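By letter and in written order, the chains are A, B, C and D; residue numbering begins at 1 in each of them.
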Amino acid sequence: MRHFLKFAVGTAIAGLMAGGAYAQDTVKVGLVISMTGSQASTGKQIKAAVDLYMKEHGDTVAGKKVQVILRDTASVPDNAKRIAQELIVNDKVSVVAGFEVTPAALAVAPLSAEAKVVELVMAAGTSIITEKSPYIVRTSFTLPQSSVIVANWAAKNNIKKVVTIVSDYAPGADAEKWFIDTFKKDGGQVVETIKAPLANPDFAPFLQRAADAKPDAIFVFVPSGQGAVFMKQYTERGLDKAGIKVIGPGDVTDDDLLPQMGDAVIGAVTAHMYSADHDSAMNKKYVADFTKAAGFRPNFMSVGGYDGMHLIYEALKKTGGKADGDSLIAAMKGMKWESPRGPISIDPETRDIVQNIYMRKVEKKNGQLYNVEFETFKDVKDPAKIKK
Amino acid sequence: MTEPTPTAKLATQGILARARWHPLEFVFWIVAFGSIWFAPNKHLILTEIAWLALFALSLDLILGYAGILSLGHAAFFGVGSYAAALLAKHGIVTEPVLALFCAGLVAAVLGFATSFLMLRGADLTRLMVSLGVALVLRELANQFGWLTGGADGLQGVTMEPILGLFRFDMFGHNGYVYCLVVLFVLFLAARRLMASPFGLSLLAIKGNPLRARAIGIGVDMRLVAIYTIGGFYAGVAGGLLAQTTAFSSLDVFSFDRSADLLLVLIIGGTGYLYGGIIGAVIFKIMQDYLALWSPQYWPFWIGLVLVVMVLVGRDRMTRWSEPLRALVNRLDWRRTPS
Amino acid sequence: MTVALETSHLVKKFGGLTATNDVSISIKAGARHALIGPNGAGKTTLINLLTGMLKPTSGRVMLGGIDITNMSPQKRVRLGMVRTFQINQLFGDLTPLETIGLAISEQHGDGADFWRVAGTKAGVNQDIADILDRFRLADVMNTKTSILPYGKQRLLEIAVAIACKPKVLLLDEPAAGVPDDERHEILTSIAALPKDVTVVLIEHDMDIVFSFSETISVLVNGGLFTEGPAAEVARDPRVKAVYLGESLDA
Amino acid sequence: MLTILFDGIAYGMLLFVLACGLSVTLGLMNLVNLAHGAFAMAGGYVLVLLVNDLGVPFWASIVCAFFVSALIGLVMEKALYVHIYRKSHLDQVLFTIGLVFMSVAAADYAMGSSQVFARIPDALQGQIHVFGIGMGRYRLMIIAICGGLALALQYVLVYTRFGSRLRAAVDDQRVARGLGINVGSIFALTFAFGSGLAGLGGALGTEILGLDPTFPLKYMIYFLIVVTVGGTSSITGPFLASLLLGIADVAGKYYVPKLGAFVIYTIMIVVLIWRPQGLFARAANK
């Protein structure tokens, strides 16, 4: 038995080598996202962005053909792990990308470390993810980035009492912790902290609870896709009329759902790294092309996918087509470029993203709702990692 | 003892036929174990098939043999999964085989405790109670985030080598051999169980609970027993998932998992033990193929398969397996009285 | 002679309806006793009370001197109180061989054996074979019950009960619905039941009742109307009236 | 906290309209229809399409949602469900789960996977304060509509010819057939009507529950709880069960947010153990 296993592993490794030889003209990228299930809307944003990028830039880079293999996780983290494993072992991908939720990204981390394959996180926003494997790189954002900025802003803008409502999972905990720490340091007061369940939330009771505490603002983080229900119930409860503001990371005023939220959402202030309204020529073209191709408006998740592809392409150019994990990750470290969201770079130390965080307010432009940026904080690193 | 009468000899033969191995069964298992050698790059999906087969086998024990309709079988699977992952994470039981057994036991205890709820009421009540138990457990796992990791899943599990010798490698080779061996051993146990008077009495209860009582069968206790055993099997299946992925998340309790499981078992056919295994093979391959072909809309086709199966009639749909069933099962000697 | 089965002041009420009204019957060991009465007289309820399918509102049931009023059905079976059903209650997916095997296993107390392959106890197999022979089921022992001819199913119904080694056997209309040509086989089997088994026959067919039974109890409206030796009851004009009334009603 | 009570009642009323069709089909046809939520989802999408894309007024669209869902229900009943009444519960479960999967994927294909909302008239937005109780106007409307419907249903069941036939058919199909009642067409009508109500509930609920393709799966559990707790023998059972569920859910989340849905599932199990026929069902009279 033991003997056999050695033999089997041996042949498999030989197979991997052979695969490597074959891979000389093709670089495979495994795209592990949810096309079905509760996170499907995020998966579709990323998919559309990846498609758009490849349409614009062709599928050949540094003499290599880039092949994206899309696999659906059905929003189940253990699927993500199994699929990533298959992609690495059977399809011999050079990069596994995607991961809209933290559990999926974390579940794949040990694989990435063991197989020395780059794990490119295009969406999940919990700070610790990048620390779980030396081959993880992120093109989305971290929640502390936005939460700290929004806390600073709130303290300066006459908001004294805040209730926090966050979804009960790792990113929510991140957002809550970094907001509260910063806000308190700046002299603010957090009167109540509420955690809402991640699945199928009905925010009405939580909002009522928050309203009864009579704060100046509610700090809210919910995953992309749930923001609309939250805002609906916020207005329905008359909290807007009661003068209670909504502040938070930009997930709650997700560009994808914003047009549907109704005018009541006008005035919500959020901090985030991307708005479809971002004023740059590159972004205007991006939004136009994206909307034309996909049929819906790009949100912050989409730029994670778009920039992720860009990072892969540029890294391949730099390595001259070498696609092993060590070369790629080395090439990716310190990479700087202009994205639809503005200038961004990969921190060479932490492999996490460094980017501008914008304060935005929801306004109506040309009859449509947008997050309009009014203040820019340049080159924000993940605060959780600076401290260390 | 006096020489048995001719009828007694025939009767002995007839009853023993239930336990007799058919050549096709040997072929089946030779092929299964052969896959270790001839499909080394399919071991990851084969691993999935192996634990899913075991999970479906556990449902077959309670649905196919005892006739208990459950829509919450994932409860046991999930408990087993978390148990195995937690035992490894906290270094309580590090040796996987032993930990797997413990995971099964935990699920069996749950099965025993909840079986009394399942004795009450008709199909719909059982359906809802089983579903409710799974939902409650999911909520519990979510609430006790300090233990289970909540919605983030249980991260940071590292598995020790199996029996201290075979490491869970990234290619899933050892993991597959491990799952297959566990499946085979538990299959043998189930086969033996179902050839016993106890197994026979379950079929009787399924066929006619009224008469089963009238010939002195303690119906309730038999159902409790098989539900507990089914819990054990499902727990082991969940444990296998946790051990081979070194991970466990709330989804182990999900409704979809229980619903898919029903589909797996129904595709393969109930009540002859191989149904779950064959169903798992077909279901996984179908799902994998569909998901590759249509990553967004594959559930549609799975749903269509279900709808068509019911409309056409499950009996007719699974008739393809009839020759195998007939040979494997006792039907062969029934049709041809020797 | 000892008393095999006895009820004292047995009452069963469903809501406002009294289905069994103060019934006290005593049946001697080895008796051939018939229980008759028009439709709705409460025969089925009485059987259910005796076998434990229903719990009485008040009163007691004694089997061989043991109070079984509050025992579970399967415990009563083990003590020897066994019944057959008016409508076949068999295991369609099992064979006669397996069905009888099950009953005998339970009788031997190893029905819950889960680690022994069925059929490995020679004694059990011999017992099964004896019953199969006695009820002429040996030739069909490996045929699925659901596809047996009706008469054979009826025989199996009784054979299963006998396999439970009854002290008291309740036969609920054993010949009901059996075609004439298969009827004889059943009646012979009943007649050949061992003498030490107390048999209580519930029957509509008066020919069978009078050819078989020594004593008769007549139930009307849930209560005991009359009882006595078969010949006396047969002559009783009130009994005739009861049955006449029923036939007028029907 | 009266606002909580008010919210709970609104939520419960909504659940009632969503689930009462299921209760009747289960009682009448002994049909376990896990796909009930798909009809609700259809109603929701009809509302969204009409209001947002075609500019049909809100109220007219609500009515359309009812009729479209009822029509879909009627077609499905005649084409598919008819074949599974006689099948085992296992088959019904499989069949309707299959339908759920299909409807989820089909809705995703047709409508996209994001959550959608219908534009609602300004008159229904915001809150009004009566005696210091904050009441959402939209929820107030839901209470009015659903309460009215419940009364109307009760009236139809108790006082009309159709109602008495329906009750007869629920109580004993064979007898009803014997009395010359066309049970088949009662089935079809009831199924269609139940689906229509679900569609109406789905349309009304988009604002509160949110609408996306996974709707039938997300709320299936809630419908089933209403039916199993309320029993299937009357309208009042599910009605009371819905109210209880709505209030318990909302109040539970308000006062003990940590426990979440846990309370409700536990209550369901306890009720099922305690009274398998449902909390408000007439005591079994057999």
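Just so it is clear, contacts are C-beta pairs under 8 Å (C-beta built on N, C-alpha and C of every residue); 3 or more make two chains touch, one makes a residue touch a chain.
Not measured: the values here are computed from a predicted model.
Listed here as common contacts of chain B and chain D: A. Contact counts per chain pair peak at B-C. Separating the centre of chain A from that of chain D, both taken as means of CA atoms, is a distance of 37 Å. For this pair, chain A with chain C, the centres built from the Cα atoms lie 74 Å apart. As a whole-number value, the distance joining the C-alpha centres of chain C and chain D reads 49 Å. Chain B and chain C have Cα centroids separated by 40 Å.
Across the assembly, chain B contributes 142, 256, 296-299 as residues in contact with two or more other chains.
Multi-chain contact residues of chain D (touching two or more other chains) are listed as 104-105, 108, 258, 260-261.
The set of chain C residues touching two or more other chains is empty. In this structure, the chains touch in the following pairs: A-B, A-D, B-C, B-D. Chain B meets chain D in the complex at residues 63, 69, 71, 117, 120-125, 127-129, 131-133, 135-136, 139-140, 142-143, 255-256, 259, 262-263, 266, 296-300, 302-307, 309-311, 314. Residues of chain D touching chain A in their complex: 1, 3-4, 7, 11, 104-105, 108, 112-117, 119-120, 125-127, 134, 136, 138-139, 207-210, 212-214, 218, 249-254, 257-258, 260-261.
In the complex of the two chains, the chain A residues touching chain D come out as 36-38, 40-41, 44, 194-197, 200, 202, 204-206, 208-209, 225-226, 228-229, 232-233, 235-238, 241, 256-257, 260-262, 264, 295-296. Only residues 51, 53, 72-74, 77-78, 82-83, 85, 89-95, 97-99, 101-103, 105-107, 110-120, 122-123, 125-126, 128-130, 132-133, 138-139, 141-144, 160-161, 163-164 of chain C touch chain B when the two sit together in their complex.
Across the interface of their complex, chain B is touched by residues 26, 32, 80, 83-84, 87, 89-95, 97-106, 108-109, 217, 220-221, 224-225, 228, 258-262, 265-266, 268-269, 272-273, 276 of chain D.
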